[in-house]
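Written out below as structure tokens is the structure these notes cover.
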Amino acid sequence: MPPEVVFKIDQTKSMRDQDVPGHNRWHPDIPAVASVKPGQDFRVECREWTDGQIGNNDSAADVRDAKLNVAHMLSGPIEIEGAEPGDLLVVDILDIGPIQTETTGPAPGQGWGYTGIFAKHNGGGFLTDHFPDAYKAIWDFHGIYATSRHIPGVRFAGITHPGLFGTAPSHELLAEWNRRERALIEKDPNRVPPLALPPEPDGVLAGKLTGPELERIGREGARTVPARENGGNHDIKNFTRGARVYYPVFVPGAKLSGGDLHFSQGDGEITFCGAIEMGGFIDFGVDLIKDGMNKYGITTNPVFIPGPVEPRYSTFLSFIGFSVDEHSGENLYIDATVAYRRACLNAIEYLKKFGYSGEQAYLLLGAAPIEGRISGVVDIPNACCSLYLPVEIFEFDIRPNAQGPTMANRGSAART
Amino acid sequence: MPPEVVFKIDQTKSMRDQDVPGHNRWHPDIPAVASVKPGQDFRVECREWTDGQIGNNDSAADVRDAKLNVAHMLSGPIEIEGAEPGDLLVVDILDIGPIQTETTGPAPGQGWGYTGIFAKHNGGGFLTDHFPDAYKAIWDFHGIYATSRHIPGVRFAGITHPGLFGTAPSHELLAEWNRRERALIEKDPNRVPPLALPPEPDGVLAGKLTGPELERIGREGARTVPARENGGNHDIKNFTRGARVYYPVFVPGAKLSGGDLHFSQGDGEITFCGAIEMGGFIDFGVDLIKDGMNKYGITTNPVFIPGPVEPRYSTFLSFIGFSVDEHSGENLYIDATVAYRRACLNAIEYLKKFGYSGEQAYLLLGAAPIEGRISGVVDIPNACCSLYLPVEIFEFDIRPNAQGPTMANRGSAART
Amino acid sequence: MPPEVVFKIDQTKSMRDQDVPGHNRWHPDIPAVASVKPGQDFRVECREWTDGQIGNNDSAADVRDAKLNVAHMLSGPIEIEGAEPGDLLVVDILDIGPIQTETTGPAPGQGWGYTGIFAKHNGGGFLTDHFPDAYKAIWDFHGIYATSRHIPGVRFAGITHPGLFGTAPSHELLAEWNRRERALIEKDPNRVPPLALPPEPDGVLAGKLTGPELERIGREGARTVPARENGGNHDIKNFTRGARVYYPVFVPGAKLSGGDLHFSQGDGEITFCGAIEMGGFIDFGVDLIKDGMNKYGITTNPVFIPGPVEPRYSTFLSFIGFSVDEHSGENLYIDATVAYRRACLNAIEYLKKFGYSGEQAYLLLGAAPIEGRISGVVDIPNACCSLYLPVEIFEFDIRPNAQGPTMANRGSAART
Amino acid sequence: MPPEVVFKIDQTKSMRDQDVPGHNRWHPDIPAVASVKPGQDFRVECREWTDGQIGNNDSAADVRDAKLNVAHMLSGPIEIEGAEPGDLLVVDILDIGPIQTETTGPAPGQGWGYTGIFAKHNGGGFLTDHFPDAYKAIWDFHGIYATSRHIPGVRFAGITHPGLFGTAPSHELLAEWNRRERALIEKDPNRVPPLALPPEPDGVLAGKLTGPELERIGREGARTVPARENGGNHDIKNFTRGARVYYPVFVPGAKLSGGDLHFSQGDGEITFCGAIEMGGFIDFGVDLIKDGMNKYGITTNPVFIPGPVEPRYSTFLSFIGFSVDEHSGENLYIDATVAYRRACLNAIEYLKKFGYSGEQAYLLLGAAPIEGRISGVVDIPNACCSLYLPVEIFEFDIRPNAQGPTMANRGSAART
């Protein structure tokens, strides 16, 4: 028997117009929309994270103009019977994939997905100082494989996963999130892009709540962008088929919600919406470890066991970066963020030698199954990170040789 | 025919007392001690990085009191015929292992190695605020496997690699290193541990140079601790048997040097001397890509292709961390260093539930083949990193279950 | 866009009653039912191989009494435009899975599948002399995982694949098949089970052909049981998602047909219907290498490239067998069949020590992702084969230890 | 501490002339030459299997004329203290490699090894009817990699292993071996090559035994060619670094012996001496499971757990064969030996399209890390086997494409 669909989506409609709408803020008071028992398999359907603002076309204007207040559009909350604060919620990702219901149409997940470079003034990304403008690549799905007319010469098996799932925070935990993130924003309130996103009543959705209750969610509810203690927007590409995640439970019933499905993504999801974004479905199995947070000392973040069917690549070209700022030449102290940025930039410079534009290379590193590794974080003053690029995803050999790289016309990404 | 030994070590003696001594600073004017041709296989023997200061015993006093000015003791420089600035030096790691010559004795690599937590006042480490005192674990080698009387219950295959190899910097590049690192030190000159290490005449070794020439190397030569443009102390565990590294060449002859062999190491080498440290040998093959830096845009860091015989683990328990400071609750902005630190701390708390001390867990994460991943670096404000711990290295099942962890007496690390 | 469904199945009906029926014999004159172009993605839906004779229940009576003349029920033939004899047909398996249309009901593939031990008098199996009676295990699908109420204590990710696909034979090739198989049958025409199966008019289906045309197919058409030059019933578990197969083309249009989908299978498919049998769908991409058979010397069998997403197991317990008959003690000369049989029997004896019945162990080895290896075939007189059993599929540790195996009540297989 | 060398070889001398000679027959009465305790690590040094008859040159005359009665030259027997009949001897392969003592010279293992096609009249091989004459390839070792001047264009990491290790048979077991093998020989006593090899006094070596005792070993002792209940000449390439083998114990002290080290080998070792043959060393750890044969039902063959550091290849081109004789067109009944032979022949025909001779291809398939799989053994009448050839071992792309294979001059194997 297929798993029961406990959260159903009509992909021809906005999340707001579903019979049972989801939500786009974290808050303990958003009512559960379904209930499942430990031991049960069930299916959750999801809208693409922007609720369908991005189209299958050759212009990045939609990325440039995307309204981010509506994101992420989450499915849930799902109540797990018997879950109590302090438990660990055991979640098996039994299967996941693009939209299975309305399989053709304009919604990402209907046979296609996209990767976007968000403009610096509208979200930005990991390399936004180098790539401040909006770009886009459309990916066509061929079963497990993706190809893009905007990045020819590559084809890879997606390591499909949900960017975002988590349990509901308690009121106390939510208050702590708001405290610490407001304090960060206060350091530079006018920064573009911002340091963090405060609660935002504009665009809020909280299931069927309306009026003052909805307004309260808008005023208090945490934005869904970052990962936090409840899971949230991990964007860990290895939450794929067969993985098992142990989420802390902070409220009765656990209240599992999520979405932001990715056909594929590289470690870091560096273009901000760097994955191949799509709507689709995810099949879960759930169980509980009573008092598991205390038993195992799991208090601040979930733990997980990756699944056994990740795409198997074995030959990588690996790029290294260290913590010296590429603009100023300033040496940072053990800064893994800068080190990984340098590794990404090194990979982009390399790929440009084969004829890709910087934007194509950037989009590719966001979407393809690259691995980002913390290599050294003790050798003062330089953190050292490395980026593993699977050579098998290219239709030509990208490894260095005596002849030098084969330059070719490799088309261009969608731009504004 | 076995590869010619172009750098020979008598492991009963200090590096200073070898017939052909190595060096412990980076400087273009340290004379080459041997010359090889492209296409040639050759062997380099290495002393353990501290030149034998640490003993196979149950006290960490030697770690506490280790003199760091003498490190790292490097073998080389080896001149590669025909190498010119702008080339890429192709280096194959054909084999690597512990000491094959004097196989018994007090030198690390003679059937054993060690992992050390360096004290905060003497080097520190990634978690030095949590673990400020010196600790040590001795590891016994059983062929490809390591076990430790100080961390019972684990046994793993080492992913043996050199922590440190690189080409010599040009004078210009060396000057730039000194500039940027001095500028960093100036930000907090009295910090303990320091932000970076300036040139240090005390303890300098530069082959057979003496007098004013040696003094100049001491005054100008870069310390060997960090990774830089020439490679250097990468501490990338995947530079293992079968790997191919492409190093930028900055001086005529390339001048390849290195050492700091590791029987095993986890990503990050988090205890500072977190690997299983040893002396030993490394067999290289070399070739050149003329003008390769320009052809491939490889200017600021080496690239590499990992080898095909890394230990193959498939089941991991993965810990997640994000960029909120664990002491203050301060939310940092996309700080992957803090995120990985939190992931490490989460893993340590978990392992303590099975009976390990925090120090044992810390030592284990430094030495065992854990993977550190950059998971998300765009989801403001939280960077998200993950730490993959292979469950197969434990003699008991560490995965969460309904019964809870099996607490046991797991001994203790060597302390002062 | 999802791939076009070029062969559609209503899983509530027999293959005979579909709008466009398939076929159950190999013959060049069975008309194509659809046509695709090189470069096109398309979907083929399939009935389970016996056309639904086996039920989701706890009796093996249906296996005992299954009518084998109707098998295998194949979907197709699909014409590939431009394909000519001598070409290689490049077939990408883009995706594959259980039934996506009528997802609940009595057809295998509707959330469940089965493994059967066929009785010696009705098909037999690899170990039919040891297990002459009909048994069955029902498997429940949980996304990528399968579990069975008849074999508790195991859970594994299926390496889903089609047991049987191939191109149509030419008349000449068909005649050769009939010649050589009849010659074999003649050696022992009354053997039970038979040495081979001759053409059989009873039960024949050939699309919409009727009357004398259908009779001719029945008289001449090759049975679908074995693998042959055209591909056919390979039962190679590694024809999974992402695999690419190069089939020889023997007739204009190639005429690709197949079915017999397996949720999972061990190498050898040793219980005869040893896979987890199901109906479902398979998504293909196709292309042509003109004159490829000659160019590459591929004349007698397809070649293939396994896909990148096979389940990743790394710890195996491996059983060895050699070519000495287990009943008589007779030493056979380099007989890999006997060697693998002994390896299977050794594995079964081992698993019985944990409480499984021989039939449960036999069913498990047929269905789980075990690997069967040819280890030595030159060391006269003994061929040596080995069977790799992934230890991760068991909920308990099956590796030998000093205490001995944990015997437990492990239920029982479905029997008659 | 390195493991104690309990069996030492001077590689400049024949096994007969060692201070402590080994043996070349299986017999319970060959005296143990060393004794080890459970829990102990120890090293065994080995001569190449023919005791140095094959040279590093470009003629295969030495292979053609090799005296096979002296093989295999085994190191041992090693007594394990406390081992009793019925126990399982747990053997860890901690490390293994070429000769570490006299590293240059004429003995295989001194930086080089060889693969031989034995002539039909002198041993033969799996494809001896196709390749009846002696050929040879010399392989040069480059750390973990091998290359051959006789098979240019390939380079691969060896999966180094012992071809042959085992425990001593009891008198009863030895008698049974002699019974069943003599019965096989009697079926065709004059066959070339023979069906099996009877005891042979000529050339016998049994440690220091001489006179009537040695004669008795010669008359009764089993030849070392096949794998049997005690282990023996498994030629399982996966007995590599890190593997654990559980051997049945048939005599007090177990009496472990072996040798025939291989730098690399493909499944099946198809050219008879198809591995890359060498002398060298192997480091063992041992332990006992008392009464383990009965506890685990391990009576007729060892079981083993492969190690975690096998070379990691992920892209294979796979060839299929079925059980139809390639000469006569006769259809055999479920004959996996013939099926694998056909798969081998298909691979050879394929490689010839790139310019290799048949002999080069045959030698390569024997030596490189190919996998031989039992794919189907129930689909009457055809067994189906497959041969997985890693594409990464070639310096050019061997996968089929529209242009066809790149033919080139690829030199030639050593011949007579």
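Think of it as A, B, C and D in the order they're written, each chain with its own count starting at 1.
We take it that a contact is a pair of C-beta atoms (placed from the backbone, for glycine too) under 8 Å apart; a residue touches a chain by one contact, two chains touch by 3 or more.
All values reported here derive from a predicted model rather than from experimental measurement.
Participant: By CA centroid distance, what chain is farthest from subunit A?
Facilitator: It is D.
Participant: What whole-Å value do you get for the distance between subunit A and subunit C if each is reduced to the mean of its CA atoms?
Facilitator: About 39 Å, centre to centre.
Participant: Would you mind pulling out the distance in Å between where the CA atoms of subunit A average out and where those of subunit B do?
Facilitator: Centres of subunit A and subunit B (C-alpha means) sit 32 Å apart.
Participant: When the centre of a chain is set as the mean of its C-alpha atoms, what distance in Å lies between subunit A and subunit D?
Facilitator: That pair's centroid distance is 50 Å.
Participant: Which subunit D residues touch at least two other chains?
Facilitator: 308, 312-315, 392
Participant: With chains as vertices joined when they touch, what's the shape: line, ring, star, complete or other?
Facilitator: complete
Participant: Can you list the subunit D residues touching subunit C in their complex?
Facilitator: 88, 90, 124-126, 176, 179-181, 183-184, 193-197, 225-228, 233-238, 246, 267-272, 274, 289-290, 292, 295-306, 308, 314-322, 324, 329-337, 339-340, 342-343, 346, 349-350, 352-353, 371-386, 388, 399-402, 404-405
Participant: Using the touch rule from the top, collect the residues of subunit B that touch subunit C in their complex.
Facilitator: The contact residues of subunit B facing subunit C are 312-315, 392.
Participant: So in the complex, which bits of subunit C are touching subunit A?
Facilitator: Listed in rising order, the residues are 1-3, 41, 92-95, 100, 103-104, 110-112, 140, 142-145, 157, 241-242, 283, 285, 307-313, 392.
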